[in-house]
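Scrolling down, you'll hit the structures one after another.
In what follows, subunit A forms one complex with subunit B and a second complex with subunit C.
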Partner chain A sequence: MIAEAGHYALVLALALALIQSIVPLVGARLRDDALMNVARSTALAQLLFVGASFIALVTLHVNSDFSVANVYENSHSMKPLLYKITGVWGNHEGSMLLWVSILALFGGLVAAFGNNLPLSLRAHVLAVQAWIASAFYLFILVTSNPFLRIANPPIEGRDLNPVLQDIGLAVHPPMLYLGYVGFSISFSFAIAALLEGRIDAAWARWVRPWTLVAWIFLTLGIAMGSYWAYYELGWGGWWFWDPVENASLMPWLAGTALLHSALVMEKRNALKVWTILLSILTFSLSLLGTFLVRSGVITSVHAFATDPTRGVFILLILCLFIGGSLSLFAARATSLKQGGLFAPISREGALVLNNLLLTVACAVVLFGTLYPLAMEMLADFKMSVGAPFYNLTFAPLFTLLLLAVPFGPLLAWKRGDLLGVTQRLLAAGVAGLVAVAIVWGWARGGSALAPLAIGLGIFVIAGAVTDIVERTGLVRLPFATALHRARGLPRSAWGSALAHAGLGVALIGIVCETTWNSEYIATMKQNDVAHVAGYDVKLDGLFQRQGPNYREMIAEFNVSHDGEALSVMTPSKRNFTTRGSSTTEAALLTRGASQLYISLGDTTAEGTIAVRIYHKPLVLLIWWGPVLMAFGGVLSLSDRRLRVGAPKPARAKQRLQPAE
Partner chain B sequence: MTLWFVFALMTVAAIFAVLWPLGRSGRAQNQGSEVAVYKDQLVEIERDLATGLIAAPEAAAARVEISRRLLAAAGSELVSEPKSSLKWRRAAAVLALAGLPLVAIGVYMPLGSPRLPDFPLAQRERGSGMAQSLENMVVQVEQHLEKNPTDGRGWNVLGPVLQRLGRFDDAVRAYRNALTYNGESAERRSDLGEAISAAAGGVVTAEAKTEFERAHALSADDPKANYFLGLAAEQDGRKDDAANIWRALLAKAPADAPWRPLVQTSLARVGGGGATLPALSDETLAASKDMNEGDRNAMVRGMVERLATRLKQNGDDVEGWLRLVRAYLVMGDRDKAVGASTDARQAVASDAARLRQLNEGLKTLGLDG
Partner chain C sequence: MTRKQRRMTIIGGSLAVLALAAALVLNALRDSIVFFSTPTMVAEKHVAPGKRFRLGGLVQPGSLRRGDNLAVTFEVADGGAKLPVAFKGILPDLFREGQGVVAEGALDDNGVFKADTVLAKHDETYMPKDVADALKKQGHWKDDYGAQASGGAKPAATTAQGNSQGAVR
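And now, the complex of A and B:
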């Protein structure tokens, strides 16, 4: 009964979404409050039913009900409980159900907490949200239904892909989906504004926090995914520029741009049309990401042939929403009221520059992702676009962006003083240069660009510190006053400083890891010792162990540094009988921000084993950076005050600047 | 019946969600408006000024800006009374009352399986009413062994069952585990060898042979080990050795041993006795892979002749005919192949379906028409 009730709940959610996509719009045309309010109750009911449906699927997985095809194909009765639950979204059907559940969650949140929205705006937003939901409910029910049954259920399931049997699956996809789907809210707001033909101040006030929520989750989701790939795939790589990763990076780049332009809009009533366009683009890229990952077009263009309905269906949704929204934008954008004006050198100007660089970077990634696919499809010519392409295109753009980051927050609204800001950033610049000099003198080997890049990272961090120092007057004023001002400083200011510093932190990690990592690859036998970056790694022996649904071979390594024993590392290879496949579990030893990484290869008949040992200096900074960014985002989100950007008065130019 | 009751409740809840707001009209709603936002912003500026976050001239400039927007917004704010159009509300209510259940049932019925109850694993394991198929029992034993891999008795039971189910690789694993946890015995060694050669398609590989040799060392009279060592010798082309081994085996065997006929036919195959010959089977074909050229040709020729004789007596076997034609083609005897296909057509001419099958088969063999 659970299976069928879950199935029926999903069907009811579709029916409710269909009503929600029509009735509120009619109500908004007629200015009928009751009809507009239908959007609210149906959105909440939708959340209830989709939630019930999702819980039903989780229950089925936990109970190992193999009469449900989805459970049979992706679960196993011996699997630990955690993986029984996470296995729900470790497959296509279940992950799509998670996708719509999160969509319904966001719709429900708008319905529940949207009291301070104009009624017609809320009705429009929820109706657009329901369009998206209807399309995806249909997609799930018709092409990827997780509730289809098997009349004669087998006694045992086929197990989840062993690579996915990891704590990472519990965190990464839900985070990523919260990010992807969160951008649907700003999309719905943008379409609602276009439908209504007006954007009022309440619009920006609402869009910014939603974008921020989505952005925080997407940031964490991408970082988590990268770390997962790093420790689970056994190659020590953390970013491969493969299309699935790019599919998540593109909405992040566009979303970051959107976040900044929404800020300008809220504070200064400017960049309205551009913000609308960015909202549309960001969610379109999220949809594109879903399409690329879910249609099977990635692994091979010909995957369409294996399940054509699925790919074609998502492609239809994609064309409908992206094409429709962009056409609507083209038709209605000119009728929107233009916002405030500003000088080119100003905070607004800096944010426009940020937007330009981010969108161009995003376009570069889009090109790099789709070009090989197009080539394969049209010319039947296989090619891959990898790191060299992005180093030549993406890296310079981001360098420019990072150079500009410290300037932005220091510029005044409306009209800024670039020279003054440069003077105030002098200390940060000096810090960066000193870092370059130190690294140059100290480092052995590696690219000549590496010290420069580290200097840039330091400059970005120092710039963020300068921003806070300037705002609190730490240098100019007595310490007590500064402390008082620091306490009074809005959390959003701390948030943006932390997020910007996070960029610098991540950059330093990336540069250190790629430039100075050292690796040791060899076959070792018992009591062999490997010397890597000052560490002595001794293979103590190989052991077999029985896990809940796998057998594993563990290698025990004794790690010492300068003769002092540090720790025992136990990488392993797991063998999963049901799927007949194996995974490598790398062992990590963290020392500060650096890590020692051991992963196992194949064994030979003589009892030796292939071993890969890496030393990765400061590698953890790569993920601490995004975590810092996300934390900055949370701080800013917790600041419930309105954002007002006080402009610099025109006559202030003539006045003397206070001595600093 | 409960299921339909639950469905009905859910549907009613969904309909209620649509009808509820339609019934509540006239109540003034506090909703956000542009004016409210600007007013909030003005308050915010005062607060920023008070805490010293912005200087007085900037605050003044901001105030002027926002006030200007506030005036514009207040002027354009639509002062329209909320209307209520009863006609449309009724339409929406009808949509909810009729449309929603129709859509739900219309979508659910073709997709769902309302008559199928849940089958949670715990309940199924408890319920003994369900007929336990052999495969289900195997799965249960496997689960038990997954948890207790040192249970030698379990592996002992599992091995032969897996062998019979054709899961030779798993059978090999089971026998190996049985050896590990139950200790050496000639029987287990030769069972393992048999599983290995079954996994290799009937060929007694070097690995399998080692096992049989070990079994033989443990017990020189183990019939299975002896039989397979003979087979290994035959496959190596040492027919005389094979015949000797098998002869010795038969000499020592009790008269009522069930494997006697098998050894006798094998012996006859290598020319050491005059018993009936086995039919052309895939296993023996695979076994012939390892022979030298002359032996193989002789063996294949003998088998082909037997097949031809059998088909003359009973010509209904389309597969047999095709195999015969293929065999002639492989042996390079095209004339005989054509002759056989003509015979085959005559033999199955009375049955249209068989004839079609035969013609298709012949086409793939390149013997068209």
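And now, the complex of A and C:
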């Protein structure tokens, strides 16, 4: 009953989306307010029905209704409640349903909070949203219906893939989808602007908060996924340049570029055409990511099922939207008026450079992701493009970008003074060089590039600090004045400084982890002691334990440092009987930003066990960086000028921000 | 500067960055790409020792030997040929005899494949796609693999973000 209701709700949502695709556009053409307002009600109704459909699937999973194929294949009655719920999107059908639910959520938010958008713009935006929604509802209903029944219901389910039975599944996919799908809003705004043939600075102010929201979630989603892989897969890797990771990184790179170019458009009314193109490209890359992950063209953990019809269907959606939007862009872009002028050395110029490097880095990742696929299809040989390729291509481009980051915010709009900015960055540069010298003298072993990279990280952080110091006049002016100015500083200024500093923090973490990571792999028996990076790790014993839907073997380790007992670490190996597969649960000991990491291998007949112990210096900075970036994004979002949907159309023109 | 000069500066800068990226990519393509081979392909093509590649196939039943200090040797077969593999470290959770495996490394002078990475899927019923394709192509695909795969309704395994395969370095 619930399954049929959920299915029916999804069909109704499709019907609503089809209405929303056409009626508002007709209304806009006829200048009929009532018809245009249809978009608002249908978007909200769609959210209601998709939400109902999603809740129906969650209910089925929670009740362990094994007469539904999706529940049977991915759930088990003994599974803890949390994983019964998160298991809803731990499979192809459910994750697509989550995808459209989030799409409907964003559509609903525009409908609910877009009251101050011009009526015809809102109608166009919601209509474009409905095109995307219709395509994906059709996809789900035709190829991946999560509500299919089984004729003879089995008594027990096949359980969720053990690796997914983790809190990470509760956070990572929803976050990532909020990011991925969130970019559909800027896409819809771009298409709406092209359809209307009208675009101005106010447009950028409406788009920017939505882009920022999507970007914040995508940043956190990627970071969360990386940390999950780090602790769950049991060998301490946190980024693999796997095609699916690349699929999430590409929209992030393009989205970051979009955030910055929208800034130029909002403040200076320039780079309009480019911003529109970036909006289209960012969401196209999100769609491409969905295609890569969901079609099974690549072998990946994320590819749940390889059903060729699904791949073809998504490929069709992909071609339709990317091809259609780019053709529309080609036809209409020239009609958009050119905006303000600026000298190459200026804030705008710096942001153009930022965009250039980000998009080229994104193109490199795209090439690395698609090249093996293309070669397999055309030349019929298989290959893999991995970390060495990206170290030689992506890393140099990003180094250039990071070198430029501190300069951008210090340059004046329109015409900047590079020499003056360099002088103001002198302190930051010196800080970076001092860091290089210290690390050089201190570090033993590792690449000669590592101290330089750490110096670069420090330079980026110090540059962000310099930006705030310059704006508040902390050194030049009396402290009280500086404090007053700091309070008056727009939150977006704090936001961008924090986000830029986050880049430096992440870079330092990445360099320290990859360069000075120590590893110890051996077989150990009871009372053996391993010495890793100054820690003594003693194996106390092995124990068996029964979990809700698995058996696990726990190894107990006593960790001490310089004779001082620190903690007991208990990594384990879990064996899931239903799927007959096992997972390795690593144990982590956090000391400052560094971590000690233990995971288990096989046991032998003599009672010894293979053990892998890592010491990862400053590894947590890798994820604190993105968290800092996201926090900067949130601060920027809370800025009064940017509050979601804040600007009034009538005032937007006059309130064009003066150059800061 | 006139509008035209400004535009030319930006276009020139863009072209410079693009050219840089293209140069980096072409340079990287020369030596950072790893090809995939099966034992039969290795035998046919006489891969030179020291050249890195990915070896895929099935772990030959009865060939797994464990030595001291986590050293392991086993054979990878694809129905047509066999290749001995040596590895030191912890094998993935789902490494089993008779199951599909992908190993990355290079041949040594004695024709033994020294693997530094061994990948196996996190799901029993799963056969790595590269291996399955290669076996099918060579006509060694047995129906029971397929039956297994479709019987296990979700053949492609899933782990967290990242490498599809549980990897061991």
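Definition applied: the second predicted complex is superposed on the first by the 633 of 660 C-alpha atoms of A that agree within 3 Å, B and C clash if a C-alpha of one lies under 4 Å from a C-alpha of the other, contacts with A are read in each partner's own complex, and residues count from 1 in each chain.
Everything below uses one rule, namely that a residue touches a chain if its C-beta (ideal position, glycine included) is under 8 Å from a C-beta of that chain, and two chains touch if they have at least 3 such contacts.
Small disclaimer: the values here were computed from a predicted structure and weren't measured.
J.: Which partner chains sit in contact with A:Asn37 here, subunit B, subunit C, both or neither? Use first/second/both/neither.
T.: In the superposition, A:Asn37 contacts subunit B only.
J.: Contact-wise, after the overlay, does A:Ala28 reach subunit B, subunit C, both or neither (first, second, both, neither)?
T.: In the superposition, A:Ala28 touches no partner, neither subunit B nor subunit C.
J.: Counting only touches as set out at the top, which of subunit B and subunit C does A:Ser226 meet: first, second, both, neither?
T.: Touch status of A:Ser226: second partner only.
J.: Return first, second, both or neither, reflecting whether A:Arg158 touches subunit B, subunit C, both chains, or no partner chain.
T.: A:Arg158 sits against subunit C, while subunit B stays out of touch.
J.: Of the partners subunit B and subunit C, which touch A:Thr584 in the superposed model: first, second, both, neither?
T.: It touches subunit C, and subunit B stays clear.
J.: Common interface residues of subunit A with subunit B and subunit C?
T.: In subunit A, no position sits in both the subunit B and subunit C interfaces.
J.: So in the complex, the part of subunit A that touches subunit B is made up of which residues?
T.: 1-5, 7-9, 11-12, 14-16, 18-19, 22-23, 26-27, 30-35, 37-38, 40-42, 44-45, 48-49, 60, 63-67, 77-78, 115-119, 122, 141, 145, 147-149, 151, 153, 155-156, 200-202, 205, 269, 340, 485, 488-490, 546, 549, 577, 641-642, 644-649, 651-652
J.: Over in the complex, which subunit C residues touch subunit A? Could you list them?
T.: Checking each residue of subunit C against subunit A gives 1, 3, 6, 9-10, 13-14, 17-18, 20-21, 24-25, 27-29, 31-36, 54, 66, 69-70, 89-91, 93-94, 122-124, 128-130, 133-134, 153-169.
J.: Within the complex, which stretch of subunit B touches subunit A?
T.: That would be residues 2-3, 6-7, 10-11, 13-14, 17-18, 20-25, 29-34, 36-38, 40-41, 44-45, 47-48, 51-54, 57-62, 65-66, 69, 73, 80, 82-85, 88-89, 92, 95-96, 99-100, 103-104, 107-108, 111-114, 116-122, 124, 135-136, 139-140, 143, 146, 149 of subunit B.
J.: Enumerate the contact residues on subunit A facing subunit C in the complex.
T.: 69, 73-74, 90-92, 158, 161-164, 166, 168, 172, 225-226, 228-229, 232-235, 237, 239-240, 242, 244-245, 296, 299-306, 341-344, 349, 352-353, 356-357, 360-361, 363-364, 367, 381-386, 388-389, 391-393, 396-397, 521-523, 573, 579-584, 601-602, 604, 610, 612
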